[in-house]
Every structure is written in structure tokens, then in C-alpha cells.
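Chain nomenclature is as follows: A, B and C, assigned in order of appearance, with residue numbering initiated at 1 for each chain independently.
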Amino acid sequence: MLRVSGGGRERVNPWTYVLLVLLLIPFLFPLAWMFLSSLKTQVQNTAYPPVWVFAPTLSNYREVFQKNPFFTFTVNSMVVALGSTGLALLLGLPGAYAIARYKRTGIALAILTARMAPGIGYLIPWFILFTKAKMIDTYSALILTHLIVALPLVLWVMIGFFEDVPGDLIESARIDGCSNWAAFLRIAIPLAKPGIVATGILAFIFSWNNFLFSLIIAGFKTRTLPIAVYSFLSYEEINWGGLTAAATVITLPVLLLALLVQKHIVRGLTLGAMKG
Amino acid sequence: MRHLGTGWSRFVERHPVPVFTLPSVVAVTLLMAFPVVYTLYMSVHSWYASSLTSPNFVGLGNFHRAFVSDDRFRNAFWLTVYFTALATALQLVLGVSLALVLNRPFRGKGFMRSIFLLPMVATPVAIALVWMMMYNPTLGVMNYLVGLAGLGPYRWVSNAAIVVPALAVVDTWEWTPLITLITLAGLATLPIEPYESALIDGASVTQMFWRITLPLLRPTIVVALLFRAIDCLKTFDIIYVMTQGGPGFASETLNVYTFQVGLFYFHIGYASSLLVILFALVLGVSLLLIKVRRAAW
Amino acid sequence: MRVTRKVWVLAIALCVALASPALAQQFNWQQAKGTQLRVLLNKHPWQGAIEPHLKEFETLTGIKLVAEVYPEDQFRAKVLVELTSGASSIDVFMSMPAQEGLKYVRAGWLQPVNEFLKSPALTALDYNWNDFLEKTRDAMVIEGMIIGPPIQVENTSLMYRKDVFQKYNVKVPTTLDELEAAAKALNGKAMTDDGQPGYGIVARGKRAAATSQFAAYLHAMGSTWLSPSREPIFNNEDGVKALELYGRLLRLYGPPGSENNHWYEASSIFSQGKAAMYTDANSLFPVIEDGQKSKVVGKIGYALFPRGPKGQYGSTVAAWGLAMPKTSKNQKAAWLFMQWATAKEQVLAVQSEKGVLGARESVWKDPKGMAKVPADLRESLTVGSKMGTPLWNPPVVADAECRDAIGAAIVVSIQGGDVKAADNKAAADVKRIMLETEKK
């Protein structure tokens, strides 16, 4: 149904909520299923038809944490995600500002091509490079490789946000004798703060979820959570309780993060598309 | 020292663009330079990684082999296109439709958006795992659910005939919310005037949709489509975790095939040429979509 | 006179008996004290069994061990990627020479241990290389180089549900024809805990992974991978028959979606009680008899892989071993580890504690070593290891690629396609790959 948003006090049709719930269920279902399965025993998990009502147990989580150094994995994922996000913001914010203010779309497009290249193309050369530099199984190597995803993301989304910063504010600051750098730091950044938060969180999430790069570049000490889950899969094939517990542990942080700051994230994603 | 200080800030004043963008450009260039050069160099050589043999130049030999004599490549190429077309089409139709349906007043828009975000941010590897369980032919809940509707049971990702659609369903589940959210944002910024004049002219709802809404939304949707298409062409995580390209080779897209050739067979030369082809494919599709967007203006 | 001789014999025996411990004590386990070893292990029953004992090695030798464990696919990829880079810090890794050995040897990545074995300073006198089963020793030798010691032996064998065969009064197959008849007879019969029907047979079908088990069928039919002049001949008449049989068994009497099954899935189906027979490596014995996960503990019979129409043995002999990269900077220490891990004491521990099938004959004869191993398993393993072929993989350099090429044909057979055409294509692919990768 087409409705131009005229705002105002329209009476909300209660059926709307019914519709809403129906539409949201398919998107929630797999995640809910994952969580429920993690609370079931092996017998309950392999029952068919599926069991919907059951007494929950935490034994799968206990097993996962006891048998695997999940704490280490989490720390690794955290370090790499924070590192690559921080670095991407540091390098990318000035760039996005300049591109937005001076309308250098050429550079923007060039950076976009970095996003087009298949990840595997980076893997082998990087592996050889990092091995020769004795950097395999280090955080630095992982952070650098995650940067190739984070930096274009920061640029692409922040260009949109910086474009929103009113040019007059910057102009008047410049007239008052502000240098370019100061205008950027003191005016643009604070005004674009929601965007920075959004971008930072998006970059964090994508680094957290990264599988391919970590698979090859991470070593035993720096294994991240997606790798841990994947390892779980090959040997514990039928242990659905354990698998879903591991999967829940991995996705929970990013899910919570998304819920906490959804407003910012949605703005970030949609702006990136609309200004594109 | 002071002289240097003023000199530097003068430089920054005069040339803001290079100074501000330099860190990003340098970082990306450094990270990309070696891989790009390496890949291009290797793509015209034949080399099975070993310490004893060295790469030997074969010119366009790898490319010739891919397009002319390698069945598996042609299979991978076709599957990549098939998967991308199917997934993006599904996401587009579903996403836009959902947005239109949800574009009405109600309380809790924030909550709805939160729920929508979840599939997009959940870790793909974990998602792949959960869907694998749901798709299990004997114990999975998917067969149970479709059974309630009188359909199935299906073998889902164990069935070579429907494995690609089954995978496309997973990708659609993950990313339709993105299209919906973007479309909703776009809908919120639509101007009122065209609709008002259309109503005065007696246009029907459908006419307004096709003649006003869609064209106005087109630039936004196309950009979303662009990103999704690029990502679908390069999809790796869910396919690799769920099927590793199987059953047989029925879901072996270019990305998965290249991974096998490069990191399992260690045929670096051939893998590099496959990467060049894949990149060309992505670039081609991107240029096409950018053109479509420009046309919309 | 006789008394004097007896005295002489006694005296000599006494001297030898007194000397032996002295000789054994002379071996210096601490000669590489203070080094650190990086050991890469595949997630495998052997690794699970030896891990609790690693501290004993550290105490004995003063060498610090850093052991990294990965699941198989990742493990192989990691080792390969590291060795290719030429700058690896791996000191020891688990290896299956019959799979990747030729490639690693030709690439110059491995350090042969022939000299280590011969040197009394580096190898304890009671190590006894000849105690290892002959075919496993052979498996560890590539082009004259001994890669390292074998840690475990396995055959492709026939694992079956004793209770199901008894219940339906079916004879345990000893030939391929009987195998098919039994699969047909038992398919669809009730065989799970709660009386649900199951499949006649289950086996791997997943491309490359299935190739090693298909090898048993191939050889039982009388074919093999390469001719003496290293031409692919697995698509000859017998070979095509074997391929047709394999696909037919799974298609008609096996679980749907077999072409997706690695040993993880196949062994799961068997341990959940859903199949009457399972052809795979008998080293999976600890997995299918795992009290915590398996529903068929104690009901499994282990039989020699069925023989072919002309009486050929199909059981393949495979051995996992330990290998040392040439780039290792701690080769002496690495050899000490390889030696310790495969010394009689450790093999006995691993076998008696977890049922991992070690490669030492003396342990097979030791009642403690056989405590966890069922009698029929020992028998089928002994015969299988003597009569079987080590060629459970095509002996080529580009093993991964060739296994995938052959695996593609296996998948076609399972799916009911044109087996002969697929087999010929696989042979052509293998030939092309060999040409590209084996220029000397």
C-alpha cells in the first residue's frame, strides 16, 4: 500500500502490528532456533518432529567453554576488530572529509574498486609477504588485512555523512581564520559524530565476522571466533547442541551491538546507499 | 622550527585534498599493490607452488584454458551468474515489497529496524551452520515446516538440482533487510508534489506506484543493488561452509573454485588468472549498474 | 662338556642382559635440551590420544613443545601454505605420505630421516625400526627417502552391525557380490534403537574424500590407478565396473545425499544406528565406538574388505606418520620427538588407552595393547595390512587435484549418470594434471 508519509496523528491500524509480527518472524526464526537448540540436549536436538517445549540446559555452553579456549578466541576477535576499526577511522575520516568537501568522486570510485576485488586475490600474496616478514600469527598482520575491508567502508559511508555537514558552517569558520585541519577537527567531526559511531560499529561488525582472511593469516595464537566455529563443525558434526552454543556465543556480541545502536547503523547503511 | 611549522600548515591550507586523503590512499595502495602486481604477473605464468620449479611464462594460456577447455570453470562461471541473479532478484522484489508494506505509521519503528538488522550483522559462518542444521534432510526443521504446508521433504543443499536456490534463500534471508531499510529511507524522502498532482489528475494507486514511486526510488535501489551484486558475485563464507561447492560441483561458484585451485591444488598461476576473470566480471557488472543509475538521473 | 657350554651360554646371556640396560641408558634423550619445537597435528584420534602424554616428552628431553591442532582440511591447507612460502617454522607435522608425500618430496620440502635412523647417537638402540609393520614402513618411503616414522595404520575395511545381520539371518559378505546382496537385503529393515528402518550401506561420497575409500573397490575388482609406465588405467573395464558398483550401492541402498558425505557424516549415520554396513578406514573404530556419541557400541563387527570376483584383496593399507620439513632449525630435537612419539612405550599407551591402531607388531602381540581392540578387528587388520595395497590414493604429485577429478566421477556414479564417460574424463584429467606437474 502506498502511503506518502504525511506525518500527523493518524490512527494506527491494529492489524498493522499483526502484519508486522508476521513479517518479522521469518527473519527472527533462524536466530531463535539457533538459541533454542543450544539449550537442548542431544536427544532433544535429534528428535523429529522437532521439540518445541522442553526443559533448557546450559550443559552445551559449559562443554563449549571447557573444551575450547573460547575466551582466547573472543579476545583475539576483539583485538583485531578494535584495531582495524580504529586504524580505519584514523586513516579514513580525513580522506572522507576531503572527498566530500571538495567533491573528488574520482578517488571515491577508485577506492570502490578495492571493494570489488575478490578477497582470495589478496590472500596468497599477503601470506607470502607476511611469512617472509615473520608476521604470521600476529595481531598486526590480521589488523592490516582487515583494513582492506574496513577502510573503503569508512570512506564510502562517511562521505555521505560529511556531505551532510552544512558547507556554510565550515566557510564561516574558515573566514574566522580557522585552518582546514582545525575546521575538520572542530566542526566536521563533532557534527558527523553519529555517522562516525555508525561507521565504526559497522567496521567492527564486519571485522568480527571476517572468515576468509582469518582462516589463512591467523595462526594458532590469534585464531578468531569464526575460525573456532568452523573447526567445531568438522569434528563435532552431529553435536548440534555444542555447535549452536558456539554459534550463539559468536553472534551474540554483534547482535547486541546492533540492537543497542540500530539507529546509527541504519543511518550509516542507508546513507551510504542514498548518497552513492 | 617555526618556519617549518608555518610552511607545513601553509602547505595543508593550499593542498587540503592530497594531505587529507593521503593516509587512506597510501594505506589502500600499500595493501593492494603487491597482491595486484603479483596476481597479474602470475596470471600469465604457470606455476605449481614448489621450491624447486619456477614459474614459466605462458602468455594468455591460462585464460585460453579457462574459457575453452576447463569445464569446471565454465560451470563455476555460470553458477556464479545464476546465484547472483537469483539472489539479487529475490532480495530486490522481497525487499522493496516489504518496504512498501511497512511504509505506514506505527509505533516501534526502531524496534522493527533492530530486528531487521540482525540477519545482516550475524556472523555468516554461524548463520551457515544454523541453516545447515535447518536444512538437514532427516532432522531439520525446514522439512518439518514445509511438511506442514504439504510439501517436501527436500534434500536442500544435498540435492544438486536445488542447492543453488537453497543457498540463495540463505543469502536472501541475510540481506533482504538491507534492501528494505534502504528503500524505507528512500520512501521517507520522497516529495509530496508529484503525488498531489497525480491524485488531482485522477491517477490510480498502481499508476502512482509505477510512474512516480519506482522511478524516484530507482537511484537508491540501484545503488543497493550494486553493492549486493558485488557481494553476491564474491560470496564465499556461506557456500564454503555449507557445501564446499558440492554436491559434486553443483554449487562451486568462481570464488570457491578459485579457492580450491589456489589454496588446495596450489596452482598459483591458473588461480591468478581466475581471479583476474572474476574481478573483470565484478567490474563489468558494477559498470553496468552505475550506467543504469546514471540513466535514472 | 655340556655343562661348560651351558655355563658359557648363561654367561653370555648374563652379559648381554646386563649390558642392554646400560646400552639403553647410553642414549642421551637430553641432547637437545632447551630447544622449542613447533609441532602441527591433524585433529585425529591419534592426536587426541598422544596429547595427554606430551608433558612426559618435555620432562624426558627438556624440549618445550608447542603443539597446534587443526581439523583435517584446514590442517592440510596450512601445512601446504607454510611449506610453499619457504619460511615455515614448523618442526614436525603429521603426514600421510601416500597422499602428499610425492609432492612434498619432489618440491624439496622434506628432510629425510635415513641418516638419523642409522646413527646410534640419535636413535636409541631399542627403537627397532623393523618392529613397524612392513607395509607401513614401505608407505613412509618415497623415492628412497624415509620421511619419518609411522604412527598409526589403517585399512579400508567392512564395518557391520552384528546384531542386524543376526536378526535378519544374512551372511557377512566376503566378496563384492555378497556385499551388494547383503546391502540389498538389509536396506529398509528396522535397525535403529527405536525400530526405525535404516540403509543397507553407507560410505563416503564427497569428491576427493571418497577417492581413498573407493580405492578398495577399485583394487578388489582388479584394477588400479596407474600402469607401471604411470598412465592412468583406473578407467579400464574392471575400473568402470568398480565405479559403477560404488555408485550403485550408495544410490540404491545408501542414504540420500551421499555425494555430500565425508567420514564425519558417514560415521555419524553408522553410529546412530542407521546403516547396516559401512566401508571406511577401520581407524575410525574409536569414533564409532565412542560411548558418548555412538548408539551402536559393542554391536560392530570388523571384517576384511570383501574380495573381488577374481579373489583380489581390496583392503588398502594407509599410514599416518610424522614428517620433518627441511627448513626446520631444530632437526635433532624434531627427530627426538618423532622417535619418542613412536617408541614402543608410547604406541602401547596410545593403543591401550584409546584404541588408536598403532603400527608396531610387538604392540599388536601385547595383550595390553589389544585390550581395547576387538579380536575381529585385529584379525582383519593383520590380514588386510599384509595382503592389501598401499595405493589408496593415486601416486601423483598433484594429489588434491587428481583426487577431486576422480571424486567427480564418483559423484556422477552416485547420481546415476554415465559412469563410463565420467571415468574416461577423470582419467584424461589426471593425465593432463600429471603432465603439468610432473616434469622432472
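Side notes on the structure shown:
One rule holds for everything that comes next: a contact is a pair of C-beta atoms (placed from the backbone, for glycine too) under 8 Å apart; a residue touches a chain by one contact, two chains touch by 3 or more.
Treat the numbers as computed from the prediction; the structure is a model and nothing was measured.
Any chain that touches chain A and also touches chain B is listed here: C. Centroid distances from chain B, each centroid being the mean of CA atoms, peak for C.
Chain pairs B-C and A-C differ in how many C-beta pairs they share in contact, with the greater number at B-C.
Centre-to-centre separation between chain A and chain B, using Cα means, comes to 15 Å. Remark: chain B and chain C have CA centroids separated by 41 Å (rounded to whole angstrom). Here the CA centre of chain A is 42 Å from the CA centre of chain C. Shared contact sites, meaning residues of chain B that touch two or more other chains, fall at 263. Listed for chain C are residues 77, 81, each touching two or more other chains. Shown for chain A are the residues in touch with two or more other chains, namely 46, 128, 216, 230. Contacts from chain B toward chain C in the complex involve residues 46, 48-53, 137, 155, 157-160, 243-244, 246-249, 260, 263-267. Residues 9, 12-13, 16-17, 19-25, 27-28, 31-32, 34-36, 38-39, 98, 100-108, 110, 112-127, 129-131, 133-134, 138-139, 141, 144, 173, 176-178, 181-182, 184-190, 192, 195, 205, 208-209, 213, 220, 223-224, 226-227, 230, 234, 236-237, 241, 255, 258-259, 262-263, 268, 271-272, 275, 278-279, 282-283, 286 of chain B are the ones touching chain A in the complex. Remark: chain C residues 43, 66, 68, 70-74, 77, 81-82, 85, 87-88, 264-265, 268, 272, 293 touch chain A in the complex. Of all residues in chain A, only 46, 127-128, 131-132, 134, 215-216, 219-220, 230-231, 234-235, 237-239 touch chain C in the complex they form.
Within the complex formed with chain B, the chain A residues making contact are 1-6, 10, 12-13, 16-17, 19-20, 23-24, 26-28, 30-31, 33-34, 37, 45-50, 90-92, 94-95, 97-99, 101-102, 104, 107, 111-126, 128-129, 144-145, 147-148, 151-152, 155, 179-181, 184, 205, 208-209, 211-212, 216, 225-226, 229-230, 233, 240, 243-244, 246-248, 250-251, 254-255, 257-259, 262-263, 265-266, 269-271, 273-274, 276.
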